[in-house]
Structure formats: structure tokens, C-alpha cells
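A short write-up of the structure that comes next.
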Amino acid sequence: MDIGFIGLGAMGAAMVANLLEKGHAVTVWNRSPTPVQDLAALGATPAGSVEKTLQGDVVFSMLADDQALQDVLLDSGALAKARPGLVHVNLATISVALAHDLVGRHARSGLGYVAAPVFGRPAVARTGGLNILAAGEAGAVARVTPLLEALAAKVWPMGEDPVRANVVKLAGNLMLVSAVEAMGEAAALGRAHGVPAGDLLDMLTGSLFAAPAYKIYAPMIVEERYQPAGFKLGLALKDVRLALAAGDAASLALPFASLARDSLLDAQAHGGSDQDLAALAGVSARRVSLADEA
Amino acid sequence: MDIGFIGLGAMGAAMVANLLEKGHAVTVWNRSPTPVQDLAALGATPAGSVEKTLQGDVVFSMLADDQALQDVLLDSGALAKARPGLVHVNLATISVALAHDLVGRHARSGLGYVAAPVFGRPAVARTGGLNILAAGEAGAVARVTPLLEALAAKVWPMGEDPVRANVVKLAGNLMLVSAVEAMGEAAALGRAHGVPAGDLLDMLTGSLFAAPAYKIYAPMIVEERYQPAGFKLGLALKDVRLALAAGDAASLALPFASLARDSLLDAQAHGGSDQDLAALAGVSARRVSLADEA
Amino acid sequence: MDIGFIGLGAMGAAMVANLLEKGHAVTVWNRSPTPVQDLAALGATPAGSVEKTLQGDVVFSMLADDQALQDVLLDSGALAKARPGLVHVNLATISVALAHDLVGRHARSGLGYVAAPVFGRPAVARTGGLNILAAGEAGAVARVTPLLEALAAKVWPMGEDPVRANVVKLAGNLMLVSAVEAMGEAAALGRAHGVPAGDLLDMLTGSLFAAPAYKIYAPMIVEERYQPAGFKLGLALKDVRLALAAGDAASLALPFASLARDSLLDAQAHGGSDQDLAALAGVSARRVSLADEA
Amino acid sequence: MDIGFIGLGAMGAAMVANLLEKGHAVTVWNRSPTPVQDLAALGATPAGSVEKTLQGDVVFSMLADDQALQDVLLDSGALAKARPGLVHVNLATISVALAHDLVGRHARSGLGYVAAPVFGRPAVARTGGLNILAAGEAGAVARVTPLLEALAAKVWPMGEDPVRANVVKLAGNLMLVSAVEAMGEAAALGRAHGVPAGDLLDMLTGSLFAAPAYKIYAPMIVEERYQPAGFKLGLALKDVRLALAAGDAASLALPFASLARDSLLDAQAHGGSDQDLAALAGVSARRVSLADEA
């Protein structure tokens, strides 16, 4: 199959490397050239233009946010020039509003559209161990499922409406951010009463909370190690904003999401948006330090 | 060993049944007589008075809250009449303030004191599958560890200061309540956009959140089934209040705990404190229903 | 002076009626025709098109939100055809982002731009009793100040940067929504302990809180009377979203704004966005009713 | 009339000085001796013991919190030795639970009990300008009203149940703390976009928010001047805790109160509980500084 891939950040590049390793031919494009060169060294074909990636059977996109997708695929006119019959697999976490818009645009252009947001960090993407949601017209999903299986430990079908996959992804990231905030507060409560964060989180993530969402972040929280970022704080904040907007559109208050957004803003003001999401726990940690000094 | 056991609610009774099944002799006391009779039928010895349970080698207590412990053991004068050398193992989740107080009282009376709060629901207690924290003077902990191991899948030593075990337990319950609230909001967000709660939570608790804390509550949330209660909402609310008080004592704000308390109060106003903690998710579910009707 | 006026909702129509009464000639335009006819009966000149309102000395706009302004003045091309030298007085509460954008556009087109957001309800606007902020280039502000004084009890100069007036307006509305939420919670606390809301709010708004923000909303809260709307809940929600966005752009968490947004969403899910902002207090009032029944 | 006065902190001492100036004879008691000596110099009679203050016609108490009242009047046995027929006027803000308890105790001892919590700062108390709530049995209230009028600009009758006055006071302080937090966030939003806090708050407290609650705190917020304290942060925190407890007892969530409590804890961790309540705005101010530096 003739595969295009647009967007070679940490996640996108890892997925392409994995596809190449498994013998797939991949034509790649990115706004900045360095990752294109790096992947070319591994066997990828540089595309020269976005349009080139849209002339094959399948194109994956993994762009940072709604604005990036808008710029690269829509405002540029590139999507309108795609080969009819192409299936576009959007791996990124986008807004529910844009998801609705994309469904209509692809249908009108005779293109397949599969929403396939992913759970996992770059190291997991590199080895094909992601969890990938897949929603879209059944035929389109069937065509790309073998490729998604190359990328994923498990593919989770979410029905025919692509928007559903986006909503599940946003809900999952809301749960993830909530788990990190909860660990941050729990660790702070322990520390305020003399229990080291490691003792507390080792126990809890070794029993009731023995799940990847907790086991990935607990060590970073314990060590207050927020670099390098596996999941950037700024992207987590973006996703919480999207969850809030999706709730707002349905007059649905999401109190933890609101509060998580505020804590993420505090964390961002402290160390910037390029820290790992684990830095969210630093907001609570600083509260304890302050009280200790007082 | 001569074992006493005070407090035969759902959890206490299940633990005693488990001990009896494993061949231990247990002298039991409870404020209301029915569970005493039930356990007597399984081989337990009714104590007649609280003091009687305090004359052996070890006494376990599993009382509902600070006030119950204050009434039964302190204001009654019973603890003051305990056999010197007795080790008191407090399985309940109590306030940090009372925990400090109990440490001093036992020391002055020549009694051992082990804080051993437990994680797990009655069915798990019945089969000895709990996770139990244990903190106290090393000799006392060593003496009761074989008994704790009869009750637990795993005993987690937490050092010599009993207060530490209480803090870890409160922090763990805060994380648990947070997980339930987060699932409730995630499910509501899905439902507001057409994704059934089951599809959403099956995916998330089958991947990133594949941990007992999530897997126990997700089915109840999906089915909006809040009876019978494994962990009563009113007790969860009590524990969140204790976590907030422990934070307050250290000038530490715990934003998720504050918000969880408010949501628990809403849930309690709706269906009462005897529902399962899962009813917390009903607060978000009602928000979606309302918006659907509007 | 040749005055145009765009946007004849409840506030805009009241302001125009006031200007007409004071002898000003006003050319008016609105997307729906009814208010144009009503004001024509009072002596206004119907404009036929938006462009017509932009050919005089001054044009006021009072459009519902960013999108309405974008549609009516920008995407339509109308602003680009305005008479050079015209001063545009924007009375509406818009986003900080759009405010920045408008400053640049007017400068490039040789137009004056004065941000003049208003505080006050329609009945107050009708009699020229508003409080109006005014920020913009000094010459432009000077030219329109006599007209603003016809509309206002007081004009508050806010300097040369129009964005400043928008920020003050958003901050003020955040304080207003906070005052209503606080009254709602206070009244609920009273009622839960047997104190009628009227007794409680009469005392407080007759002493420490004897200010318009409180005195306007207290009677509606006491009587649970949310129609007709002086300040629509949906518009208050819009403004809180804008305040949150302005905070977010500066990595600034605004915890009350987050919480107010969630309560406004609950109120909106109950009775719709056309209720008065006072309906926010209904969220707390329902909590008491529920607990009373339980 | 023979007047006793217990509790000579900043507020109590100012009230006594005002009573003395108006020609009343006052017998005073305080746990620490300095304020007793200061007031004796103005003409007050030192009591020697608490019991002495309880032998006249009326005794006022203005003790810091529930615990102080419990220690001084109840656990000491002093109240039990009061002259039958004495009317006790409790000026302090106490918990709803203690208010209920005191009603019963006074009735059983043949004492009158009037709950008369006050609004106002020490300087206002000194000149008799307080707002005072008054609730209790009608005859008792009638007897002490002339004295309350000496202390107050206005006395607000709140019916026969003393608890009602306590609830109104707690609700009022919740509104006050909310106003300060709202001003803090509004000022921060302005500053983050280049508007000095003074410009913003002068406008708002000169129009919609022209009430004492705002005008007292705005200058302190603008100048970030949190000493000397008129209303101590620690006492405001105490009152918010009491409001939360009163809500909790009725299964009533008070979201602004929860959030205000968390912000007050942050403020307390920064500068201590002896700062003025205005220091609450420092939490938001620090957020802006941090973002400015980032």
C-alpha cells in the first residue's frame, strides 16, 4: 500500500520509524525539515509537498492541534487536491467541532476519513505498542486496520461516526490529567505529614492503582523530574480545553476538567508548556514546601 | 493467639469470618447484637462487653468513624482497662488528629498500637484479599503481621509512626474518589456526544486505566447501579473530610478533594449516604440528562 | 453629528431611543427588521445596509458577540468601505483577541476606534444612566465623549489602548457573576437553616453589600424570578468564557471564573440561556430543595 | 445597667471603649491582662474572674472561636454560676452546632441568650458604627437593644431563634470573602493585560460595586498592603470553615466557599494567618508575577 504521513513530531516520527521497520513504504512530510531527513535515512521518501502525500492509498496525519491541521490541510488547499478514494487517518486529538467539519469535507470530496486518536508515549509508539481508537465508515476502517495494527498493541473500534473516537480520546485524556492531579495532591498530603512521596505512591500504584496511567507518572512525580517530556504539559492543557469546549457545547459542566485546567495553567506559568504533564504535580508539591517554610 | 474483634459492620464481619475459617479463635463485640449472633454461628465467641475483647493478645477494631471509636473505647473507659501488653490493631480510617492522640494514649497505658487501615470491599475481605497498611512500633507490628497476612493479599509496612499509615489511607481514598469522579465526568462527556458509557469505559479501563480502582466502579457507573453499597458514599465523604482536615492542618489546599466533597454532597442529597460511592458519577449523569431534555 | 448605530437588541435599541429623545439624528441597522421599524417610529433613519451607517462621523456598534461583529462588519466587507475619518465606537463586550485585531484593522483603514463597553441594563440605558468605559486614541475619544455622556451617568476614561477597556469590562462582569453566585450560595445556606432568603439578603444588601450589583439581583434571587432577562444568562456565560480565555492567554488561572462557568452551564441546562443571570442562584436553590426532600 | 464584657481582642476592646465613652459602667475580663489594664485606664472595672462578669444584668462575649468560648464559659464552669436572669449577648461568629448547643444550655440555666454577631472592623466598632444582627427570645432582645444601638449604626432583628443570626453572619462573611477573591482575580486579569489594579478597581468600586465590602478592601488589594489586619485572614478562614460545616450538615455544597477556603489556605501558607483578609488577593497577584517572569 502507498502510505503518506504528515506531521513528524516525536509521536509521528516514532510511528513512521515503526512502519518502516515493518517493511512499509512511507512518503513523509513535515513543516520543519529535520525529521524528514532523519526518517529518510531510515528509508522514508521525502514528499516535497503536502499534496504528494495525498496521492496514495492512505495518508496518516499527526498534527499538533486544530490550527496546524487547518493550516496544513485545509487553508493550503491540499486536501481538496487529494486523490479520490484516498483514506485519511487522523491520529491527532482534535476538537469535536473540527471533527464534525472534517467528516463533511471528506465526504464531499470522495475521500475516506477515519478518526484514529492514539494513547501512548513516543517510546511506546516506536515499538508499535499504542492503544488506537478507530471510528469511521466501515469499509474505510477495514482498509486501514492492518496498518493500525502495525502501530498498536490493540485497536479499539468505536463505530461509524468519527466524532465518537475524538470524544473518547478527550475523555481519556481528562481521566489521565485527573489521575496525575490526584497523585500530586495525594503525594503532597503524605509529605505534609512526613510520608515520602515514593512510599505513598509505590503502595498505591502497586495495588488499587496498578495501571499504566499511574505507573508512568508516579516515578516522575516522586523524583520531581519533568524533563524530557513524554506528554507535554501544553498538549495536555490543549486537550483539557477541548474537553471543556465539548462539554460546553452540550451545556455540560465538567468540574474536574475546570480545576485541572487551572492547575495546568499554574504549572505552565512555573515551568513552561514543554515540561511533562507530570509537572502538574509540582503545583501541589510547591504548596507543601511553602507551608514547610512558614 | 487470643484475638478480640470490635466492630462488626460489613467489613469487620467479613474479616472475622475469614479469620474463623482459617482456624483462629476470635472473641467479638458489636454495638448491635445481630452480627454477633451471626458470627457466633460460625464459631466466634460473643464478648458480652467491650472490655472482654481487650484481655487477650491482640484486639482488632473496625469502627465506623472517630466518634464511634471515641464512644466505644475512650469515653467508655474500656481502653484504660485493657490488659497491659495487648496490641491494638486499628483497621479503620480515622482522622490524623485522633491518630496522634491514640499513639500517646496507648503508650501511656503500656499497650501496643498498630495502625492498619485496609483497602478493599467486603467480598475481598471475606477471602483475605485486602491490601493492608501497617505502621507502629516494630515489635508490635511483627507480632500481628501473621494475622494481617491472613486478612490480606499484601501487607504494606509503613514504618514506626502509626499516623503515617492513616495519611496514606486518606491519600489513597482521595485518589479513589477522584478516579470515580473522573470516570463520571468522562462518561458524561461521551454520552453528551452519543458514545455509550460502556463503550467508553470498557476501552479506558481495558488499557491505560486497567486497575482495580477503575474496574470495580466502571460497571456500576455504566449501569447506574448504586446498590448494594460496597463502599458507602457516606463513608467516602467522611474520608474526604478527613483528608481535607489533614491538609488544612498543614495549610495545604487540596483542590480535587474540595471539589470531590462538593460532588459527594450533591450525590448524598440525591440518593442518600447509603448508596455506593459509584453514585458520585450520578451527579454528572444527571447533568447530561438535563441537557438532553433542554 | 451624523451618527450610525448597528445592533438593535434590547441594549442597542434603548440607547438609540435615548439618543433620539435628546435630539440626535441616528441612522440605524439591524439584522432583523422589527427593531428598525420600532425606532423609525421614534424618528430614526433606517439604513438599508450596514455600509450606510458607516458613512457619517461616528458609528456605534452593539453586536451580541465576536461572531456577530465578524459577520456584520468584517466578513461582509462593510468596514473596509467605511468613510475614512469615521470613528467607530464599539459598545459591546468582545474578546481580548478580537479587540487586538480590531485596533490594527481600524488603524490600517484610517478609521478611529474607541472601545466603550457599557455597564447597565436596558432600563438604565433608556434613560442615559449607564457607566461607560472609553479607551482609544485621545482625539477619537474626545470627539465621541459628548455622545457617550448622553448615554452615560458617567464616562470612565481608560487610556489610549482600546484593549484596556475590554479587559476592565470582562473583569467587571466576572465580579458581577461572582456576586450573584455568592448571593445564591449565601441564600441557600440561610434557607437550609430556616432563614428566608429575603431576610438574609435584605440585611446584607442593606449594609456591607449596598451596591447596584447586589441590589439589582437580590430581589430576583429572593423571588426566584428569572424572567424577563435584563442581562441574559447566555451573555454572562459568554463573558465568563472571554475572561477565562484572556486569563489563559497569560497563563493565569481564575478559579472563581472557572467555577462560575460551570454553575452557569448548570443553570443554562435547567432553564436555558434566555433567563436572567439571576437564574445562576437557582443552582444553589435547587440543592436546598433536594436536601429538604431527602 | 450592670454590664460585663468578656474577650478584649481588637474588636472587643473597641466596643468597650465606645460603651465607656457613652457613660456605661463595664466590668471586663480577658485571658491576657494587657487589654484589661488599658481599658481600666479608660474607666472599666477589671473583673478578676470570668464569674464576676456574669453577676450583672447583661454580659457581652466576643471570644475568638468556638474553642475559646468552650474553654472560658463552659469547661470552666463559669456559665453555670451566672446570675439567673442575666442576658448573655454573644457577639462572636460561632458554629451553627455550638449555637444550637448554647440555646439549650442558657434555657436550662434560666439565662437569656441573644446571638448578636457583628459586621465591621475595629475602627468602626470604636465609633459605634457596626451592623449588628440580633436574634433571641423577644424579651431578652428588647432588654439589650439599647446597648446594641450604642454599638451599632443599625441593629438588624433576626427573629427568636439565635441560630438564625449565626447563619446570616456566616453567609455574610462568605459573601465578603467571595468579594475579595473576585476583586483579586479581576485585578490580576487586568494586570496581566496591562491595566493597573488601581484603575480597574477604582472604576468598579465607584460604580456597580460601590459598597463598603469592596471599598474597604480595594485599596489594600491595589497597594498589596496586608498589614495591619482589620479582619485577620485566619479568622476569615475559620468562618469559611464554619459556613462549609453548616452547609455540610444540610448536604449542601457551597462551591465558592470550598474554593475560597483553598485560596485562603494558599494565602495563609504564604504570609500567615495574621495578615488582613485582603492578602487573599495576593494569591492571584503572585500568579500574574510568575507569568510575567516566564
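As written, the chain order gives the labels A, B, C and D, with residue 1 at the start of each chain.
To be clear about the criterion, a contact is a pair of C-beta atoms (placed from the backbone, for glycine too) under 8 Å apart; a residue touches a chain by one contact, two chains touch by 3 or more.
None of these values were measured; they are calculated from a predicted model.
Just to note, of A-D and A-B, the chains joined by more C-beta pairs in contact are A-B.
With centres computed as the average of Cα coordinates, no chain lies farther from chain C than B. One inter-chain figure worth recording: chain A and chain D are separated by 51 Å, centre to centre, where each centre is the mean of the chain's CA atoms. Between chain A and chain B, the centres computed from C-alpha atoms are 36 Å apart.
Within chain A, contacts with two or more other chains are made by residues 247, 251-255, 259, 262-263, 266, 268-269, 287, 290-291, 294. Arrangement of the chains shown, judged by which pairs touch: all-to-all, with no pair of chains left without contact.
Listed in rising order, the residues of chain C touching chain B in the complex are 266, 268-270, 272, 287, 290-291, 294. Across the complex, chain D meets chain B through its residues 241, 247-248, 251-255, 258-259, 261-263, 265-266, 268-269. Those residues of chain B that touch chain A in the shared complex are 96, 119, 131, 133, 154, 156, 158-159, 161, 163-164, 167-168, 170-172, 174-176, 178-179, 181-183, 185-190, 192-195, 199-200, 203-204, 207-214, 243, 246-247, 250-257, 259, 262-263, 284, 287-288, 290-291, 294.
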